[in-house]
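Two complexes follow with chain A in common, the first pairing it with chain B and the second with chain C.
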Partner chain A sequence: MIISAQLIFITFFGLAAVWFGIVVFRTYSMVRSAIALLFSQTALGALFLTLQAEFLGVLQIMMMATEMSVMAIFMVMFMMDPGGLGKMDMTHQKRLSIIAGIVTFIAAVAVAVYIDWGPITTVNDAPTIQIKALGIELLGRSMLVFETAGITILTAMIAAIAVAIQPKGNINNNHKEPK
Partner chain B sequence: MGIELIMSLIFAAALLGVGIYGALSQTNLVMIMMGIELILAAALLNMVAFWKYLHPDNPAGQMYVLIVMTVMALEMAVGFALAIARFRSRGSVEMEEAVELKE
Partner chain C sequence: MSVLSIILLIIFFSIVISYVLVLIQHWQKYRKIQLSAPMYSILALLGRESVVPRKADRLFFELGPALLLIVAMLAIAVIPLSPELVMINLATGALFLNAILAYVLVALIMAGWGPNGGYAMVGGWRFLGQLVAYAMLIVMPITAVAMRAESLLTTNIVTSQVGMWNIFYQPVGFVLFYFASMAMAFLPPFDLANASGELAGGLESEYSGVRLLIFRLGHILLVFTLAAATVTFYLGGWLGPYLPAWLWSAIKIVLVAASMFSIGHFVPRIREAQMMSWCWKIGIPLALFNIFLVGVMVVVFP
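Moving on to the complex of A and B:
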């Protein structure tokens, strides 16, 4: 087996992504959780760069940096103990969750290892050619799918605002205690 | 067989397992969303690896990655909107307290 530089980088960034993914659920501080998820997604973006998907790698890193910053703010707003100073346990059905996670991992690894994926190609086009081909694909054959994604974003934005906006006549009636 | 493809799929499987653990074990809505983000990240990694090692000449593979990234952003936007609505009406986003959803 020849160990290529690409394999080394895939292993490094893959381990980083998985490790930071585990840290998300291990730390008591919710801000640290959000930052760990940011590192996990950034490692994934770097993994995309290693896989020579340059456009997707940069997009992943930029999108996740913004998304996780917003998530950290929401964490501080909504969590009872965002700093994790009280070391509150905010988990339930832990045993079932661990079993489900491990079983899923083993099943997915079995699929990855035992299926014959056919001929493997290791040669890619240059990034400029790839991006040009993607642009032509998005505005050509896959335009309907691309436009549907745009409409879905618009619908989700309207739905999110409609759900989050404060109803009229409820301004002085906030923060009811749970029954 | 391409060891790089297998390694990528194994890391995606690990992210999927961690994401499922997180989504099932956490009691806070925002933390559950973090678990779902990891599950979608695993799907992204699978798609990029398949595109790179099986069909690098077909840009439709990259297009599907863009669609999943869109789904990730939408999941966050709608999830946060639900969290705001829930926090306004009940003062908490703890799912242990959302027993009325069972009724």
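Moving on to the complex of A and C:
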């Protein structure tokens, strides 16, 4: 097997993704944890780029930056020790999570190894052609799938806002601001 | 031209234009043109002690400003300064620009969290709120621009404007993108993250010496990048008569950046809540209207 530049990059970004994934659980700081997860996902995006899936890679790199940063502020808001200065142990159900982790890992590897991926292409289409094909796919056969997902997320957003806003008539009369 | 010479030329171009931008900033503050002023600032910052706060998150403290600089430089890679003068003409260029600039947020959150100081942290999280406001107003106008060019290649986007620049073809998109860019570059009146008056410098408050220098360098390069993106998407990039292509790019970028600097002198700093409410209640409907309008126009006047 010839070690090509592509293979080296794939290995590098793959290991980086795994390493940052481990860092997520090895730090006590919530912000460090969130940013480590972000860089793990960014490494995956870079991995897609080396696999010549340019659109997917760039999209992954773009989406994760915002998502993980928003997650970071929520973790800081809700966790008792966001800076990790108190070294508070926030893990629980260790045996269950170890078993679940190992089972999921074996399942994922089994899927990767035993599934029939079809013929493997050695040369991809040029990125411009890929993007055009993707656009036509999104507005054709896959439209229903994406629209369903979009509507589901929209519903969840509306529901979240409806839960968050205070009702107009003050229901809770016992809780008054001191004058 | 070889790839290396193109890269070196673009870096040289970026440095020269950024120098001019600093001169403009200096002139707007002190009302005098002093060609050596940026050099003196650099020397002064290099000479000063770079204080590290006690109990800082050292990793984020050091990485924040560096990441800001790296992000601004990476974004320059897809911007065409002339037909040949583009580092890498990605098929997803317009999307890549947006993707990389999302990491401005990550850099600023790191820089805000790292020093373990109140003002800096508030500044960092404020910028996150600012992103929630402006992010859609960067993506949606770019969508309309790509719709007209029928391509995400930045060079195609420029050549699609040969007949008419996008500023005239889709003025609504231009206005939204222009102000969203200013918000992304945290220039006044959107300088919530490093507000000098109310937050004592915010993100910049805990940085000093060489680290502050890197932060400011990243900031000015970010302004350059966003001005260059505005020129590419709306002002016809390198297009123009008589003068060489790269000179047109340079003139337009300097003018756009100068206008971005100037606006802050005439309006007060916007409040976070106002910004959020205007961006979501006025900006996003306008951006959606812009996409619809451009869609109709692309079909009617191809």
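One rule holds in what follows: the second predicted complex is superposed on the first by the 154 of 179 C-alpha atoms of A that agree within 3 Å, B and C clash if a C-alpha of one lies under 4 Å from a C-alpha of the other, contacts with A are read in each partner's own complex, and residues count from 1 in each chain.
Note that in this section contacts are C-beta pairs under 8 Å (C-beta built on N, C-alpha and C of every residue); 3 or more make two chains touch, one makes a residue touch a chain.
Please read these numbers as outputs of a predicted model, since none were measured by experiment.
After overlaying the two complexes on the shared chain, residue contacts for A:Val70 are found with chain B and with chain C alike. Of the two partner chains, both chain B and chain C are touched by A:Phe55. In the superposed model, A:Val31 lies in contact with chain C only, and not with chain B. Of the two partners chain B and chain C, more residues of chain A are touched by B. In the superposition on chain A, A:Ser4 makes contact with chain B only, while chain C stays out of contact range.
Of the two partner chains, chain B is the only one that A:Gly14 touches; chain C does not reach it. When the two structures are aligned on the shared chain, A:Phe78 is found in touch with chain B, with no touch to chain C. Of the residues of chain A, those at positions 55, 59, 70, 130 touch chain B in one of the two structures and chain C in the other. On the chain A side of its complex with chain C, the touching residues are 29, 31-32, 35, 38, 54-55, 58-59, 61-62, 65-66, 68-70, 72-73, 83, 85, 126-128, 130-131.
Residues 1, 4, 6-7, 10-11, 14-15, 17-18, 21-22, 24-25, 30, 33-34, 37, 40-41, 44, 47-48, 51-53, 55-56, 59-60, 63, 67, 70-71, 74-75, 77-80, 90-94, 96-98, 100-102, 104-105, 108-109, 111-113, 116-118, 120-125, 130, 133-134, 136-138, 141-142, 145-146, 149, 152-153, 156-157, 159-161, 163-164, 166, 170, 174-178 of chain A touch chain B in their complex.
Interface residues of chain C, counted against chain A in their complex, comprise 55, 57, 59-60, 90-92, 95-96, 98-100, 102-103, 105-106, 109-110, 113, 116, 125, 128, 131-132, 135, 151-153. Of all residues in chain B, only 1-22, 24-31, 33-35, 37-38, 41, 44-45, 48-49, 51-57, 59-60, 62-63, 65-67, 69-70, 72-74, 76-78, 80-85, 87-94, 96-97 touch chain A in the complex they form.
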